[in-house]
């Protein structure tokens, strides 16, 4: 008899959720005793609120920052694994408008969503000198970017660039924030502290299963997972999924750096502390937070699934 | 004929002041006996409608009191306001049905009575019309039919016949008297017509304006109310008396 | 005294049918001459108000036509509807001001005229009151003051004095005649009072109901309209005639 | 000179002319707005064509129409989902709005206690309420309905309250004299009197419940795979499938206009016999 | 037996009793709702305390109050921004709503042509319109106002139209007889007549323009660094600062209630002399 748990993602089903679907599809979770239901997110579906409300057991965290903020507010949400070593947040521009991330400062406007304002936009201002007036509200429509040559737009590595190219025919330039120094983990697995205390085996199964799922998804046969993704989101095309998988591999989003030895999901105190220091510097967080309360290395860095990598 | 019944209603020193300034009634005293037919007569704005509304319990007096020696205000009261006061969304027959409906009678069970009342005021052909399709006098007649349909023990009427032609008016005068004779009800009646007041009432209360007050009560000792009475010398004398009283009242104001 | 002026208004075979079924007027003919005082008399619902509204151009006849031989409907028309028709948000004086206001006169410039008109109907003390604070008769008097305040060439009045006591009524009758004599206006007047119609008018149009139609026109050849006329045998005879005509009209219906 | 008022020519041709005008009026009543719609679609097409607007900024009408056909199955399902929620939301808005209006009218104490909360519900942004709704309401349909209800009930409450309060004082007196119970007064006098006001509120709430159904979908989502128009719009916008976004928006617009037309027709049916706002005056 | 209607005791004590009841009524009018507010806050506190609800699910009132004090500077600025936008939005909603109502009333052709678009504006989800607004409107303030206007104008338009149409037929006839121009009829008759209806619409639109100001901030943002309450709510929610989120929401609620109270007071001031809905009947 498997334990039923729910995992809430941050958006409609897409390639970035592939590993979780993979583990659900091929029985990896079931093998260690979990019946996982994936609850897709959406424009305003707030799975984090569901996590706090106790309606789901795990939710997908946006970035390390989320964990720090939880600490700041004294909310017992803990990141137990970091699937994305790099935040796939990008700035998309018309081709040839900028050479480096630093050049983006010269753009007239950048379309940044509300969540971005609170996270990377503050960092961009501090680290690169963007001006508050340069921000335009991003409403998840690329039309303003396409209409204005000298604008930039926030995006998710595998989504916005793909759609812009598909609609317009030209290939936009893409600047990965992670490569510019925004060293947050992303797509973390979050759960409540009591869950860790009371049911560590459940957490362990989910973390390990997810890591294995991601290896299989990236390097193995991922058709079953993609079928699930397309079932949850009938709009998803094979082409888009392929683009996403490719981009994740190309930019080393999931599997790069620490994961080479510690396995997918790896987190280190150093990287956390480094990013926290940056956030303190830009004023997004106060000094002196016990950031270790916001994550735990208890379940990761054990090389789980390394054997699945070809 | 009447005026000999027990007192049903007493106004004792009733004063009504509107907005703390307009004194609509000043220390009005009036005793209404079972079976009385009382007319209120007086210049426009002297407080006749106000007196009627006070009796109906629609507002409390500013000073003084209104007593119902028989216990309490009778439930079966018929009333004709100075304005027709019809429900615009209901047809004529549904409007007349209202007082019966409020007693729980279904329309089917009282349809005959409703149509009888409408026939009385000469509107049988307009049962299905809406108020807006009626002339001024016709609306008023619907209001009269509504007051009559319950055959109430006490009727308050505020210039019910003012908008009617003299022949219809005379007919309704007769009908009213006939109904009164039949069911022995008590009527309090506001009118501007001296003739009408003399013809109909046992007692005529002449009022003066600003402040509204009773200046004279005139009893009409008539045995019968018919053409003979109307053409009698007594009738002519009484109308002269009442007109005179009214003239005095106007001067006094 | 009148009736000798040029024709100002002619109704030719005017028929009015409401809702394609109620025939409110049938082939009505009427010529109104400059300076005429014409009374419309008839049972309730016979089409008097309808005739007045047709003359005022508020609706087209179903058949027939209404001609203004003098050119067009005069702009300075005074009108008293059967209902007071006051603006509830305006005080009495502002209501009376309305016709002048619509001509572009500021209140300050016509305040005296407004108060004069109010004094005429005995409401000078109520200039600042709102309509809801008035008695039924007082509202009607405001409406009369409003019609008079422009001293119009043509006045249409629909039972203006029905809600008034006889003394006020007589006073206003006299005032109306005085104004007519002074400015030589034309008056078309609906009433239910045979006495009033005989006292006031040059011509009385007696109507019958369903279908509404003219059954008789009675000329009143009086040189003066005063107490003497009121007590004359001629007056008594005329009232009898008119009452008779009215009786016939009722029977005919 | 003789001038004639309104009726210059002999009787019968008069009537004829009036009838003809009436007939032309009836035709124009439909023709003009239809032409206006055609003209605005034409202007849109022309604008797109003349300025060569790229389809991902503003697609041409033809493209949108085509997309509507192509996606008809998907959009049809979404439309049906949204319609169902709209209808239910309007239903609960009417019940809640009229119910509260009656409660407030019957008890001024209740009004003073609860009216502030009704106002608060009206003004609190749904996006902010969503987490609480998530917390305390389990059933997805209930969540959606609560959201849509919050958006739509207030105009009905407010207008019905106004109507109940405006009841003619003389008629109220009449009911008092005839010893009507509060209930009878409500049923036979106040509610009919408030009907035109209520229907005015309904016309506003009709549109708002559509808005509510859509916003609710944004805010609390609709469970499972049956997505409504909101999801399709957002998704299409996200994928830059602008023609589909427009197709979905046009469906929303058409539904909105149809709801308005339906509530107006209901108004007319209930009022044309007696209320000034709806009477076509006999001329 | 003698029973007395309404006034059993001698004259003076009667009056006294009535005055006393009136005085008690006046006090109760404020006391009851105040007590209700206190009670509901108490219940909230009790619930949080008794079930030991974690503060990130539902913070206790004390915690929210404390947060309000702590964040007062930030929230005060946000409140001020939102208030300004709300006021401007209500202003344009009144202008637009009444303006359109007058236009539609004066020309039924205009009504038939443009009313459908007004309905469409009401029902189209702002989130879907946002890209178009972005594309074609430059000034940030204009964007926000357009959004808020779209949310708030319809109830005013609809109610004012209803009022203009309900004008008493006899008074209309009177104006026609006195040869009033359309303009005069509008100013001196129809607008006063529509006033109670308009004010009803205003009561609805007051809350909606607050909603509009907030939604507009979500949807098209407010330029620069001056953020309104919407941003603060969203930010607090993102940061899991639930007490601050509640503090901001409570500000919104209070503003909503104040706007409602203000529009109700305006209504009373304009109507209590003459309209049945506002007259306190002389008893």
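The first chain written gets the first letter, and so on, giving A, B, C, D and E; residue counts start at 1 in each chain.
Just so it is clear, a contact is a pair of C-beta atoms (placed from the backbone, for glycine too) under 8 Å apart; a residue touches a chain by one contact, two chains touch by 3 or more.
Here the structure is a predicted model, which means the values were calculated and not measured.
Trainee: Within the chain touch network, how many edges lie on the shortest path between subunit A and subunit E?
Mentor: Each step joins two touching chains, and the minimum needed here is 1.
Trainee: What pair of chains is linked by the largest number of C-beta pairs in contact?
Mentor: Maximum number of inter-chain contact pairs occurs for D-E.
Trainee: How far is the middle of subunit B from the middle of subunit E, if each middle is the mean of its Cα atoms, in Å?
Mentor: 47
Trainee: Taking each chain's centre as the mean of its CA atoms, how far is subunit B from subunit C in angstrom?
Mentor: About 27 Å, centre to centre.
Trainee: Approximately how many whole Å separate the CA-defined centres of subunit D and subunit E?
Mentor: Taking the mean C-alpha position of each chain, the two centres sit 19 Å apart.
Trainee: When the centre of a chain is set as the mean of its C-alpha atoms, what distance in Å lies between subunit A and subunit B?
Mentor: For subunit A versus subunit B, the centre distance works out to 85 Å.
Trainee: Which subunit D residues sit where two or more other chains touch them?
Mentor: Within subunit D, residues 57, 127, 131, 135, 168, 218, 234, 237, 275, 279, 281 contact more than one other chain.
Trainee: Two-or-more-chain contact residues of subunit C, please, as numbers and ranges.
Mentor: Residues 18-19, 57, 83 of subunit C touch two or more partner chains.
Trainee: Which residues belonging to subunit A are in contact with no fewer than two other chains?
Mentor: 46, 49, 52-53, 139, 141, 143, 147
Trainee: Show me the residue ranges of subunit E that touch subunit C in the complex, using the header's touch definition.
Mentor: Contact set of subunit E toward subunit C: 168, 170-171, 173-180, 184, 188-189, 192, 195, 273-275, 279.
Trainee: Spell out the residues on subunit E that touch subunit D in their complex, using ranges where they run on.
Mentor: Touching subunit D: residues 28-29, 32-33, 36-37, 57-58, 109, 112-113, 116, 119-120, 122-125, 127-128, 131-132, 135, 154-155, 158-159, 162, 165-169, 196-197, 200, 203-204, 207-208, 210-211, 214-215, 218, 230, 233-234, 237, 245, 248-249, 252-253, 255-257, 259-260, 275-279, 281 of subunit E.
Trainee: Considering only the defined contacts, which subunit D positions touch subunit A in the complex?
Mentor: 54, 56-57, 74, 127, 130-131, 134-135, 218-221, 225, 231, 234-235, 237-242
Trainee: Using the touch definition from the top, list the residues of subunit C that touch subunit B in their complex.
Mentor: Those residues of subunit C that touch subunit B are 18-19, 22, 41-45, 48-50, 82-83, 125, 133-138, 141, 158-159, 162-169, 192-194, 210, 243, 246-247, 250.
Trainee: Spell out the part of subunit A that touches subunit E in their complex, as residue ranges.
Mentor: My answer: residues 46, 48-49, 52-53, 69-70, 72-77, 114-115, 117-118, 132-133, 135-137, 139, 141, 143-144, 147.
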